[in-house]
Amino acid sequence: MIQGVSIYEILTVTTLLFFIGIYGFITRKNLISILLSVELILNSVAINFVVINKYLYPDMLQGVYFSVFIIAVAAAETALAISIIINLYRLVTSVEVKATETMKF
Amino acid sequence: MEQIIFYILSLIMVVFAIASVTSRMILRSVVYLLFVLCAIAGFYFLIDYNYLAAIQLTVYAGGIIVLFIFSVLLIHHIESKLDVASLGRRILVGLASLVGAGLTLSVIWAHPFIVAENSARSTEVRDIGLGMLSYGDGGYILPFEVISILLLAAMIGAIIVAKGTRLTIKD
Amino acid sequence: MDFTYTILIPLIPLAVFLILGIGSLKIKENVAGIVGVAGLLTSTILSYYTAFQYFFNVGKVNGIYQTFVEQTRWMNFTDTLHIDMGVLIDPISVMMLVVVSTISLMVHLYSRGYMHGDQGFTRFFAYLSLFSFSMYGLVLATNLFQIYIFWELVGVSSFLLIGYYYTKPSAVAASKKAFIVTRFADFGFLMGILMIGYYTGTFDFMTLNNPTALQDLTSPIMQNAGITFMGFSVITTALVLIFAGGAGKSAMFPLHIWLPDAMEGPTPVSALIHAATMVVAGVYLVARLFPMFYFVEGGIALEVVAYVGGFSSLIAALIALTQHDIKRVLAFSTMSQIGYMMMALGISGYGDVDGLGFTASMFHLFTHAMFKALLFLGAGSVIHAVHSNVLQDMGGLRKYMPITNITFLIAALAIAGVPPFAGFFSKDEILAAAYESNQLLFWVEWVVAGLTAFYMFRLYFGIFWGKDTIYKHTPHESPLSMTLPLMFLAVVSAIAGFVPFSQFISPDLVGYTTHIHMNIAAMSVGVGVLGIAIAWIMYKKETNIADKISSAFGFLYQWTFRKFYIDELYLFITREIIFKRIAQPFAWFDKKVVDGTMNLIGNSTVDASKKIKGLQSGKVQDYAFAFISGVVIIVMVFIYFMN
Amino acid sequence: MDILSLFVTVPVLTILFLAFTKNLQQVRIVSLTGMLVQLGMAINLLFAYFRERAVNTDIMVFTKDYVWFESLNIHYAIGVDGISVALILLTSIVVLAGVFISWKVADLSKEFFISLIVLATGVFGFFISLDLFTMFVFYEIAVIPMYLLIGIWGSGPKEYSAMKLTLMLMGASALLLVGILGIYFNSNADGGALTFNILEIAQVNIPFEAQRLFFPLTFLGFAVLGALFPFHTWSPDGHASAPTAVSMLHAGVLMKLGGYGIFRVAMYLLPLGAIDWSTFFIVLSSFGVIYGALAALRQNDLKYINAYSSVSHLGMVLVALLMMNKTAWNGAILQSLSHGFMTALFFALIGMIYERTHTRDIQKLGGLLKVLPFISATYVIAGLANLGLPGFSGFVAEMNIFVGAFENADLFRRVATVVVVSAIVVTAVYILRVVGIMLMGPVKNEEFNNLPASTWFERYGVYLLLIPIAGMGIAPLWLSDMILESLTPFIARF
Amino acid sequence: MDFSSLLLMRHEFILTALLLLMIVAEIVVSEQNKKNLVNFGVLLFAIHTAIGLLPLADGVLFGGMFKTTVLTHFFKSVLNIGVLILLLQSADWLRDKVVSQQKATEFFMLIFSSLLGLYFMISAGDFLMFYIGLELSTLPVAALAAYESLKQKSSESGIKLILSAALASGTSLFGITMMYATSGSLFFDMMTITASNLTILGFLMFFAGLAFKISLAPFHFWTADVYEGAPISVASYLSVISKGAAAFVLMILLFTLFRPLESIWVNLMYGVALLTMFIGNLFAIRQQNLKRFLAFSSIAQAGFILLGLLSVDQLGATTVIYFIMIYVFSNLGAFGVVQAISNQTGKENIDDYDGLYRTNPKLSLVMLLALFSLAGIPPVAGFFGKIFLFTAAASQGYYLLVFIGVVNVTIALYYYLLVVRAMFLRKSENAIPYFKSKWMMKLGLTITVLGILIIGMYSPLYEYIFEISNLIFKS
C-alpha cells in the first residue's frame, strides 16, 4: 500500500508495460528482442499479482507466491528459448525472425 | 514521498520499456530492460515485498539479463543495428496496442475496487519460506516441487537442443 | 352360358408368343410357322364358336343381346377404383373377335409364304402372336383400364412389327414415329381415363354404359357431368380425351402421320394391323363407350368424333390421289375409310333405326377389314413379285399374276362401293345415316366415295394394266400359301354385304331391320362409277393425261402430294422446337446452371481456401498480432456489444 | 438371432469371409454364396411376413428392440412392414444380380466385393431400422463405399464424380441430421422421454412450428438421394463413372433410400409440416419429372440417359409421396421397386454393351440387335418396361401414381398431375431414340460383328432382374395389396 | 493429511519416478545398450498405464491445490493410453534415428514431464497449479519440437512454439490477475465469479491462453508450422495429448468455475467454434504436407469440440470427453501411419501416397479407418463422437450451428478423401514400396484401430462417461 497512490494508477502502469511488451513482441525483428518483450509482459503480470494482493487481498499471499513462480517459469522459459535460438544460429547463422519463415501457408 | 518515488519508478518503467522495445541497438535494448526490471524491484521494495524484490534482482537482473547479454555477445554483432519493422506495421501494431491498452484501462478504471486495510500478514522472508514448504492450507510445497521438475525439464530440454553434434548436412 | 373359356382366345397366342419369343434364335422356320398358325387357328375356332353361340344360341334374351362379363381383380387403386381383368362378351366384342381372328389367321397363313426364308421368321411369328394376344385382350376388355393396357400392348406390337426390318433406317424411324404419336394420343386417353375414374368412381364398362344411369341426372356419372372444367363438363372433356386416344390409334387427323410411314413394316403386318384390326381400335373404343358419348351432355363429344372423322376421310382421300407408293395409297385409303366409320359413329342416334350410324360403322368396320386386308395382301403379293412399292415400277401385271389380279379387283370394287360387293352395303348405310342427321357430312362423304373409287382404280389400273413394264426378273404368281388367303378374303369381300348386320349390332343391343336406301345408293354408286370411269380413261392405257392435270393444278398437286405438309409441320415442332428449343436448353441448363452451381459451391470453397492462405504467413509475429487482435476484438465484442 | 438382424449379420459375415479369401475364385464363391443366402432369407421373410401379418396387426412386425446408448435413448430397434419387406426383397435381388454382373471384376476384386457388400449392409440395415439414429448410421454406411467403388473401379472422370457424389450426399446428410435431431428434441412434446423410435415419435404431436422447420430439412436430406431437382447433379456424373454393379446398386437400391426415408421419417413423423410444405416440393419434384425426361432426350451417353431417366422416375416417386393418399403412396413404393429393378437391368445391360464395344455413345453404336441379340432384346424389354408398358412393373407403379395424384381435386395438383403424366410421352421418345439409334439400324462399326455373346453369369443377372419386372407387371395384386395394407397407419396421420 | 493420502497422486508420483528412473538409466546404461532404453521406457510407461487403470478414490490435497476425481482419473488414463500408443509408434523412430544422436532417453524424460504437467493442469485446484501445469506441459514440448537440432525447420518450430506459448501464457496470466482482482482468490473453490466487465475481460484473456493450447481460431496460427517442423511424434503429441487435455480442462473450467459467466462464454464458444471449423477446414483443403494437413484437420476438430460445450449439462460434458477420447485414437492412427511411412521413406506428402494401397494395404486401411473416424463416417468411432457433439448442441436449440457443423464435416470429408484418393484411387509408378513395420509400431497401430472400431459402437463406455461426468455438476 503506497500512500497516495491508488491501485488504478499502478494497474495503469502495468497495463502500459504489458502492451509495450506486446508491441515489442510484434514489431521487433530479432528473436532475442522478442524475448525481451516477453519479459516485459511477464513482469507486468507479476506486478499485477503483487499489487492486487497488496491492495485488495492482503490476508493471503497468493499473488506474491504466484509472482515468485512466474519469475521462476520465466527464467526457465528464457533459458530454453535462448538455447533454441542459439541452435538456430548454429544452423543458419542468424537470429532474425526472417530465419523462421520457411514454413508457411 | 512514496507517491513521488512511485511516479518516478513508473516513469522509468514506462520510458525504458518503450526504449527497450524501440532501440535499434540490441545491447542497449537489454540494458534498458535491466532498468525496467530494477525499477520494478524498487517498486516491490516500495510496497514492502522485500523478498520479492530480492528475487527480482537476483533472478532477473542477475540471471536472466546476464543470460541475455551473454547470448547477445555470443551470437550477435553488437555494433550492427537491428532491422526495424516497416513504419506502417509499427503504426498498425502501435494502434492496436493502444486500443488494447485503452480498452483494458477503461475497464479497469470503471471497476470499483474495494481496497482492503493493511493486514497483519507478515511478508517476512522467513514466513514466505515456510509457506513455500508447508503442505497444509495455504502451503506451496506442491508448486514448489512441480516447478523444480519444470526447471529440470527445461534444463534437459536446453541441453538436448544444444546437444546435436554438428554434421555437415544441413536441412 | 358360361363364356369363361373365351379367356383362352387371347391366352393361346400369348403362349405361342412366349414359346416363339424365348426360343426365337433356336426354333426353325417350319416349326414356328406351324406353331403360330395352329395357335391362331385354335383361337379362331374358339372365336367362331363364341360368335355362333352368342348370336344364335344364348346371346339374345327377350330380343335384347345380353352382356356377359367374367373378370377377376388385377390391382386395387382405392376402395372403389380397381383394375379388373376379364372378358366382356357383347355383340361388338364378338364381332371384333371374328374380324380379328379371320384376318389374323389369313395373315398368318399368308406370312408363311411371304416371309419364307427371312432370317427373323420366328421372331416375326412371335410378334404376330403378341399382336393377336393384345388385340384379343383389347377387344374383350371389361373396363377402361384393361382396354388401355391392351391398347398399349397393341401399340408396342405394332412398333415391333413396323420396325421388323430393323436394319433399315426408314423402318426404324417409322416404328418410332408410330409409337410416339400414338403414345402422345394415349396421354390424352390416360387423362380421360383418370378423369372418368375420379369423377364416376369406376372404370367398368357395364357401370359406365348403363343407359338408365346415363339418363338419370342424379346418378353419379351425370352429377359429375355437371362439374365444369375449362368450359366443358368433366365427363365430356374426359370423353374427348379418350377419343383423342382413339384418334391416335385410328390415324385420325391430325394424328394420322404415323400411318403412311408404318407401311415400312412387312406387308402382311400392314394388312393385319394397319388396315384391318389395330387401326380400327379407335372406332371400337368409341363404339364401346357409345352410350356415354351419346348421353353425356347431349353428345357434344360425339359431334367432335363425327367432324374429326369426316374431315379425316376427306383429307386422306385427297392425299391418296397423288401418292406413288401403292402401300401408302392403301394406307391413306384406310385412314379415309376409318374416317367414315368415325363419322358414322358420330352422327348415330341411340335407339332402333336411329342407331343406324352405329350399326353402319360396325358393319363398315367388318367389311372394310376384309377387303382392305385383301388389298394389302394383294399388294404384298405384287410387291413380292416386283420387289418394289412404287407404282411407276409396275404395269401390265395381270398377265403374270392372274389370281392376284382378280382378287385385287374384287377388293377394289368393294371399296369403291359397287354392288353387290360388301363395301357397297356398309357404305350405303353410312351415307344413309349421314343423310338423316348431317347434310354437310353427307356431301363430304359422298365426294370422298367418288375420290375413293378414283384412286383405287388408279392403283388397280396402274398395277395390272397401264404401261408394259420390262422387269428384271419376270414376275410370277405367288405361291398357294399366299394366294389361298387372297381367295378366301375375296369371297368374303364379295358376299359379306349380305349379312343382316343390324339384326346383331345396334347401340341399344336390340336388333332391327334395315333396307337399301335406293336414292342414296344410286347417288353413291353413281359417283363411284364416275370415279372408276375417270380412272379408266386416265390409267387404263399409258397416257399423259395425269401428268397434264397434275401440272395444271401444280400447286394443289404439290400440296396433296406432300400430304398437306403436315409431316413437315410435325417435324418442325419436334426437331426445331422440342428438341432444339426445349430439350437442348434443358440439357444445357442442367450441365451449366444446375451442375454449375453445385460445382461452383465446391470450387469457391477451394478458391476461398487459396485466397486466405496468406493469413498463414509463416511469421510468428503475424500470428502474435492475430492473437492479440483476436483478444482485443473478442473483448470489445463481449464487453461493449453483447453485454 | 432374429429374422431381421440376419439381414445385417449375413453381409457382415460375408465381408469377414471375403477378407480371408485368397484368390478370385474364392472371392466370387463367397460373395455369391453370401448374397444367395441373403436372397433366400428375403424370400423367406416375405412368406414369414404374410404368415405373421395374418395374426399380427401391429404397424410393424418382427420388432426387436435392444438398448444401445441408454442415456440418449438410442436403441437398435428393428421391424418391418409390407413396404420394407418389398424393398428388402428388391435389394437382395439387385445385389445378387450385381454380384453376377461383376463376375469379371479382376482388379482388387476382393476389395470390390467387400465395398459392394458394405453398401448392401447399409441398405439392408436402413430398411429394417425403426430407430432414427440407427437408420442414420446405416444410411451413411450405405453412402460412403460409393466413393471407393466409383473412384477405384469406375471409368471416365471417376475421381471427380466420386467426390461430387460423396460430398453432395454427405451435404444432404447435414440437413438430414439437423432434421433428425430436431425431431428427437421435439419427441417429448407430450411429456415423456426423448426418443429416436419412429413408432413412439409417431404417437407424439410435435408442435407445428417444429414440424414446419424440420420437415424441409428432413425432406431435402433424403430427397437429394432421391435425385430431387435441382440436387440431382451428382447422379448423372456418378452413374456415368461408376462401374456397372455400382450403378445398378446405386440407382437400383441406394436412391430408394431417399423415397423410403422421406416416407418413413419426414412424412410419417412430421405430417403437418408435410402438408404445409407440399406445394413447394410438388413444384420442384414435378418439374424434376419433366426436366429429367427432357434432359434425357439430348444425351448421347447411355448412362447419362439412364441417369436422367432416373431423375424423372424418382421425381414421380416424390410427387406421389406428396400427393398424400394411399394410392399415390402405393404408386410411389411400387415405382421405387419397379425403378429399382428396371434401372438396375438397364445399367447391367449398358455395362455389358460397354464392355464389348468400349463406348457408351449411342451415336457410335448401331444395329446391336443383330450382333448382340440377347443383350439388345433385353434392352428393348427394359426400355419398354421403363416407358410404362403394361405387363411390366413400371406400368403398375405409374398408374397408381397417376390415379392417386388425380385424387386431389385442386387446380394446382391437377396441373402437377398433368405435367407428371405428360412425362410418359417424353419417356417414350427418349427410350425409342436410344433403341432406334443404338439397337436398330445398320451396324455402324465393322468390328461390332465379332462381339462375344453374353455369358452365363450375365444372363443370370439379367434373368434375376427381368423376372420381378415381369412378375410385378403381370400379377401386381398381392404386392400392391401388401403395401396398401401397410399404408393404412400412415394415412391415418394425415 | 497423512502420507497415505498422497496415494491419490498415484499417476503423478509414478510418472515422476519414471522420469527420474530414466535419468538414472541414461547415466548408468552404457552407450551400446542405449537402444534398449527405448524399450525400457516404453515398458515402464506401459506399466504406469496399467497401474493407472486401477481405481482411485476422489480427494483433495495441498489445501485444494490438487484435486482428483473419478473423472480426472479416467481422463488421465485416457491420456496415458494415448501416450503409450504414441511411444509405441515413436519407438522405431527413436531407435533408428535418435539413439545415434544420444537423445533418445531425453525424449522420454521430456514427454513424461510434459505429461506430468498435463496431469497437474487437469487436477489443478487453483490458478497457480494450473499455470505451472500448463507451462510444464508446454516447455518440454518446445524442446521436443526443436529436437532435431540439425534441421532448421525443427528449430523454427521450437522457436515458434515457445514464443507463441510465452505470449499466450502472458496474456492468460494478465487475465488471471484481473479475475484475481475481482474474485478475491486464486483457488477455484474460493473464487466468487460475477459477471462484471473486468471479470469478463480477465476471463476472455485467460481463455485466449487456453484457446492457444487447443488451437482455436484465431489463436491457432502456430499449429501448422510447429507440427510441420517438429518430429512427427511431437506433432502427434501436441495435436492429440496436449490438445485433448487442454480441451478437457477448458470444459471443466467453463462448466464449474466460469458457470456464472455462462451467458458470455456460450456465445463465445458459438463464434469461436464457427470460425475454427471454417478456418481449419479451409486451410486443410490445400495442404500437401501430411503433418500440416493433420494440423489443420485437428484445428477443425477442435472447433467441433466446442459444439459440445454449448450444452452445459451432463450431455455436453459426456459428449466432449467421449469425443476427445475418440479423437485421441483416430488422430494417433493417422499420425501413426504418417510416422511409419516417414520413418521408412522420409516421405510426408499426400502425393507420395499415390498407390499406397496396392503396395501397403494394411497401412492404408489403418489410415482409411483413422481418416474416416476423423471425418465422422460410421461405423467407426468418429461418427459417434461427432454426432453426439451435434446432439449436445442441438439439445440447446443451436440447429443452425449444427447444420454449419455438418456442412463443415462435408468440407472436411473432402480433404480426408483426398488422402484416401491418393492411397486407393491412384496408381503410381513410384509408389512407396512394400515394407514391414516393427512390432511396436504394429502394436501401436493395432490399438488405435481397435479403439477406432470399438469405442463408438461399444455404448457402455459412453454410459460410463455419462455417469462420471455427473461429478462436474455436483460441486
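Per-chain numbering from 1; labels A, B, C, D and E assigned in written order.
We adopt the following convention: a contact is a pair of C-beta atoms (placed from the backbone, for glycine too) under 8 Å apart; a residue touches a chain by one contact, two chains touch by 3 or more.
Worth saying up front: this structure is predicted, and the values here are computed from it rather than measured.
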Exercise for the section: Can you give the shortest number of steps from chain B to chain D, where adjacent chains in the path must touch? Expected result: 2
Problem - Both-way neighbours, i.e. chains that touch chain D and touch chain A - result: C, E
Problem - Most heavily contacting chain pair (counted by C-beta pairs in contact) - result: A-B
Practice task
Starting from the Cα centroid of chain B, hunt down the chain whose centroid lies farthest away.
Solution key: C
Fill in the blank from the handout: centroid check, CA-based, most central chain -> D
Handout entry: Whole-Å gap between the CA centroids of chain B and chain C
Key = 101
Practice task
Find the geometric centre of each of chain B and chain E from their Cα atoms only, then give the gap between the two centres in Å, rounded to an integer.
Solution key: 30
Fill in the blank from the handout: Taking each chain's centre as the mean of its CA atoms, chain D sits from chain E at a distance in Å of 42
Exercise for the section: Averaging only over C-alpha atoms, locate the centres of chain C and chain D and give their separation in whole Å. Expected result: 37
Fill in the blank from the handout: Residue numbers in chain E touching two or more further chains are 128, 132, 135, 139, 142-143, 146, 149-153, 155, 158-160, 163, 167, 171, 178, 181, 197, 201, 224-225, 286, 414
Problem - Residues of chain A touching at least two other chains - result: 18, 21-22, 25-28, 34-35, 56-57, 60, 65, 69, 73, 76-77, 80, 84-85, 87, 91, 100-105
Handout entry: Multi-chain contact residues (two or more partners), chain D
Key = 167
Exercise for the section: Give every touching pair of chains, nothing left out. Expected result: A-B, A-C, A-E, B-C, B-E, C-D, C-E, D-E
Completion exercise
Within their complex, chain D touches chain C through residues 164, 167-168, 229-234, 236-237, 291, 294-295, 297-299, 308, 325-327, 330, 367, 369-370, 373, 384, 387-391, 395-396, 399-400, 402-404, 406-407, 409, 417-418, 421-422, 424-425, 428-429, 432-433, 435-436, 439-443, 475-477, 480-481, 484
Handout entry: Interfacial residue positions of chain E with respect to chain B in the complex
Key = 1, 16, 19, 61-66, 101-103, 106, 109-110, 113-114, 116-117, 120, 128-129, 132-133, 135-136, 139-140, 142-144, 146-153, 155, 158, 178, 181-182, 196-198, 201
Handout entry: chain D partner contacts - residues on chain C that touch it in the complex
Key = 25, 73-78, 81, 83, 145, 148-150, 152-153, 156, 159, 163, 166-169, 171-173, 175-176, 179-180, 183-184, 186-187, 190-191, 194-195, 197-198, 578-579, 582-584, 586-587, 590, 594-595, 597-599, 602
Completion exercise
So, in the complex, the side of chain A touching chain B is made of residues 1-13, 15-24, 26-30, 32-33, 35-37, 39-40, 43, 46-47, 50-51, 54-61, 64-65, 67-69, 71-80, 82-87, 89-91, 95-96
Handout entry: For the chain B and chain C complex, residues of the former touching the latter
Key = 93, 96-97, 99-100, 103, 107
